[in-house]
Amino acid sequence: MTATTLTSSRAKSSASLSHRLAERGISARLLLLVPALVFAIGLFVYPFLYGLGLTFQPLPATQAQWGGGLFANYLAFFRDAFTFDSVWITMRLALPVALFNVLISIPIAFKLRNKFRGKRTLQALLVLPITLGTVLTAQGLLIFAGRQGWLNRFLIDSGIIDQPLQLVNNYLGVMFSLIISGFPFAYLLISSYLSGIDPSLEAAARTLGANWKQRFLRVTLPLLAPGIATTFILTFVLAFSVFPSARLVGDASGETRVLALMAYRSFGEQLDYAMASTIAIMMGMVELIVVAIVLLGRSLLYKGSTGGKG
Amino acid sequence: MSLSASAFESLEMKEVGRRFGGRDALVDLNLTIRAGEFIALLGPSGCGKSTALNCLAGLIPLTHGEILIDGKRIDLLPSEKRDFGMVFQNYALFPHLTVQKNIAFGLQMRNLPKAEIGRRVTEGLALVKLEEHARKLPGQLSGGQQQRVAIARAVVLEPRLVLMDEPLSNLDAKLRLEMRAEIRRLHQSLGLTTVYVTHDQEEALSLADRLVVLREGRVQQIGTPEELHNNPVNWHVADFMGYRNLIDVEVESVSGNLARVTGGGLSLNATLVQPAITGDTVRLAIRPSDLLVTSSATSTDGNKTFDALVNVVEYHGREFSVGVTTTMGHNLFVQAEVAPVPGEKVTLSVDPARALLYHSELEAMSSEQRELAEVRG
Amino acid sequence: MSNTTLTRPAPVTGPSKTAKAGSRLPPGERSLVASPGTWFVWAGIAAFFIFLFGIVLSVLVDSLGKPWFNTWLPENFTTSWYQQAWTRFNLTHIMGVTLLVAFSVVIISVVIGVPAAYVLARGSFPGKNVVMLLFLLPILIPPITYGIPLATVMYNFGLGRTILAVILVNLVPSVPFVIITMTPFIEQINPAIENAARMCGANMRRVFTKILAPLLIPGILAASILVLVRTVGMFDLTFLVSGPNSDTLVVAIYRAMTAAGGGESRQLISAMGVLYTAMMLIILIIALRFINPTQLVAQVKEARED
């Protein structure tokens, strides 16, 4: 009797170690992951942590000015109005632009959903600005929407206005730039989410007597909502990170003194690497908070799958 | 839900056709459906049956023809106004709504009072026996359960027409049989006029009051299951109705509607369904259950016999499905009650009334044939 | 079964009122020209394109004009700006750097990213979620947030203003991008195929080279093009670590626009801008001849015909 109990307790698993590991997903195959992990840790995690550490090593000048010992950089960030205001300035630019880009994309994605002649060309053209890039767009805006540019000329010549509008080197300029580069991106995303919704769901709603508005509100929109939230997050991140446009078509020392510019100022001009990292990290924090709020809202409203490949 | 008074007397499809992308998906469909009927649209994929259903539903427009209910045109109405219920092949349940809310959807579109909606949803759930799943999401249900929700959602509106687009094709064999019985039961108790699309002839035969067989967009035959099963109008319909034995033979002599034919290793008397003369090549169609194994020498009832070699014997419980080869190498299928041995030689005979002869090429039904089908139907 | 019979809605007799503007459409087809909503959408699209074409055209015309200040069009047309820009900014060198950086980034991120995507697509292992998050973060976080610490590290290692540094920093958004686009692509390849190959006797290496690689090529090419375009157009990261010898074209244009003293001549910059766009377009045209970017995006069938 004892002999059998001994063997039965030892025979928990007769499978070899490698098989047992493989059951849990650990095998030689994981080695393929190593280069990517090395990359991620070496070029992302380590520098990030290093930067984080730097924020706690303020320059003597900062410490002298703001006190707080190790936390001098953070104190400077929150207390220095010049720096802290840039949070609000960047938000004032990024939030409306992101909202606008996403909300405008929805009806356009709907209208362009069905097949029609020239659809492919239209879509290719809508995506064009992505290839232009922010710097090019900035140069173009300066010329096109400048005081001597075609836009103002047209408005004056056709009598709509008397004086040329100040559309560049201010908030508006950056806003235009962000919309031109942000809208195609938002449209692409929303459009692909929309096409991921099973069309037979709308057909079913039609046979059940739902008209266009009812189908949109009761079927399509709830299924699209998660995609809209994701698109908003991504568009917001893009807009919040605005950098060259704020300098080129904005007012870098005033209206459009965005966080990225402030960080660069510390980094490249003042050579205060610790402060630069501080601003950079705080920028990431603010953005993360907004993203978290949106995700929270999305999980509160969203139930069930997207009903397709969405 | 009781047997509701039907909302119409007849639905008429006149010369309905749809041309799409240079191709005729559906041509000249003429069908009159009476209230309470169960119509099956049957055919292989690509034959136009789903097109016909979607045209009825209003999900795609007609390029030709009209659809009328009691004389009034409805083909110009959008789907949401037609008051038809539809069950989709992939069920199309709203994934973000519970079972209850899915079923309630159509009732809410009608702006019925809440109490009324609640009552009818409860009845609908009871009808398909899903009461305890009322608050679940479609993703949490099995295929068969989702199917039942889709059916409940369609019938709870008591629509004047229920459309079903191959609803059972995504289910496994056992579930399919069970659901088939369910659908039959529902039709019998609710009496809703139904148009049912399928490629499975067994399903169509067991469910329908009348069948419409389609091929490449064209109607081949319209009739009751018995008519289609016993009197298929061309070899395609015969093939679809389980006449597995199709042989090209030559006509040696004709007398009345009987003909003596030879070919493929056999020679016998058969019935001409479509006219032919001596020398024509025609197609012979025989059901496996009509090919009888006889003892060699005597030919029962004076019918001609022919010999064949047994290839394969499949056990089917009550009978055997036997594959044989004729002396000319032609494969035939016989349904026998006693199993022969593979390699054995057997003698087969068939009642001339059950050996049907057709033209080898299919042609569109002539207008007389169509009118005849209409009248008969 | 209760005995109540319910009232049903009155049958609709005439054509519906939903088709406006006098166009009576058969059901199932929706007109493009009907409601005010459509006009709004088309107006929005039109405004967008007016700006877009205005911008592109302005830069183009500017680069060809001499001079251009107060008039609708420049007084003279010339191509001298291009020659000037080319020699003045040493564009041969800059183009070379840009292409070198871009292609290096593409190749490295594919070599690193595709195997990682394969592991993520095929298996689950302890810590998989952490790894996925790790690869997702660089795409969610603004480039400046990780770029500045990264640039600081680069300078500390003495790599400041070198081409190597530019390549390395551009890898950070590119490798995750490749991983995130290739993982679902690999997932949709039926794993049974690999099993079938193994049953036929193929070892891992052969399965990869003979079965997987050919299937992955369309996805890899599509991802490569996107990485290429992104890297050529990437400003923020490159700007932080590049110097006169290692600037890419975008950064060079920026420096020209923000040079002390109000920037370089506007027309020179426009010429550079046109060259940049031309380079981008050439890359795209060559690329699109070989690949179809929609391979990466799932589509749902619309057909109702059978």
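Going in written order, the chains are labelled A, B and C, and every chain counts its residues from 1.
Simple rule for what comes next: a contact is a pair of C-beta atoms (placed from the backbone, for glycine too) under 8 Å apart; a residue touches a chain by one contact, two chains touch by 3 or more.
This structure is a prediction, so every number in the text was calculated from the model and none was measured.
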Most remote chain, CA-based centroid, reference being subunit A: B
Chain pair that, of all pairs, has the most C-beta pairs in contact: A-C
Innermost chain, where centres are averages of C-alpha coordinates: C
Where subunit B and subunit C are represented by their mean Cα positions, the distance between them in whole Å: 51
Euclidean distance of C-alpha centroids - subunit A vs subunit B, Å: 54
Chain centre separation (subunit A, subunit C; CA means) in Å: 14
Subunit C: positions in contact with at least two other chains: 18, 304
Junction residues of subunit A, two or more chains touched: 198, 203, 211
Sites on subunit B at which at least two other chains make contact: 58-59, 78-79, 81-83, 110
Contact set on subunit B toward subunit A in their complex: 57-59, 78-86, 88, 90, 92-97, 105-106, 109-110, 137-139, 153-154, 157, 163
Complex interface listing, subunit A residues touching subunit C: 24-27, 29-30, 32-33, 35-37, 39-40, 43-48, 50-52, 54, 104, 107-108, 111, 114, 116, 122, 125-126, 128-145, 148-151, 153, 176, 180, 183, 192, 195-199, 203, 211-212, 233, 237, 240-241, 243-244, 247-248, 259-260, 263-264, 267-268, 273, 276-277, 279-281, 283-284, 287, 291, 308-309
Residues of subunit A that touch subunit B when the two form their complex: 198, 200-201, 203-211, 214, 218-219, 222-223, 302-307
Touching residues (chain side subunit C, partner subunit A) in the complex: 18, 30, 32, 37-38, 40-42, 44-45, 48-49, 51-52, 54-59, 62, 69-70, 72, 111-113, 115-116, 118-120, 122-126, 128, 131, 134-135, 137-138, 140-153, 168-169, 171-172, 175-176, 179, 204, 229, 233, 235-236, 239-240, 250, 253-254, 257-258, 266, 269-270, 273, 276-277, 280-281, 284, 297-300, 302, 304
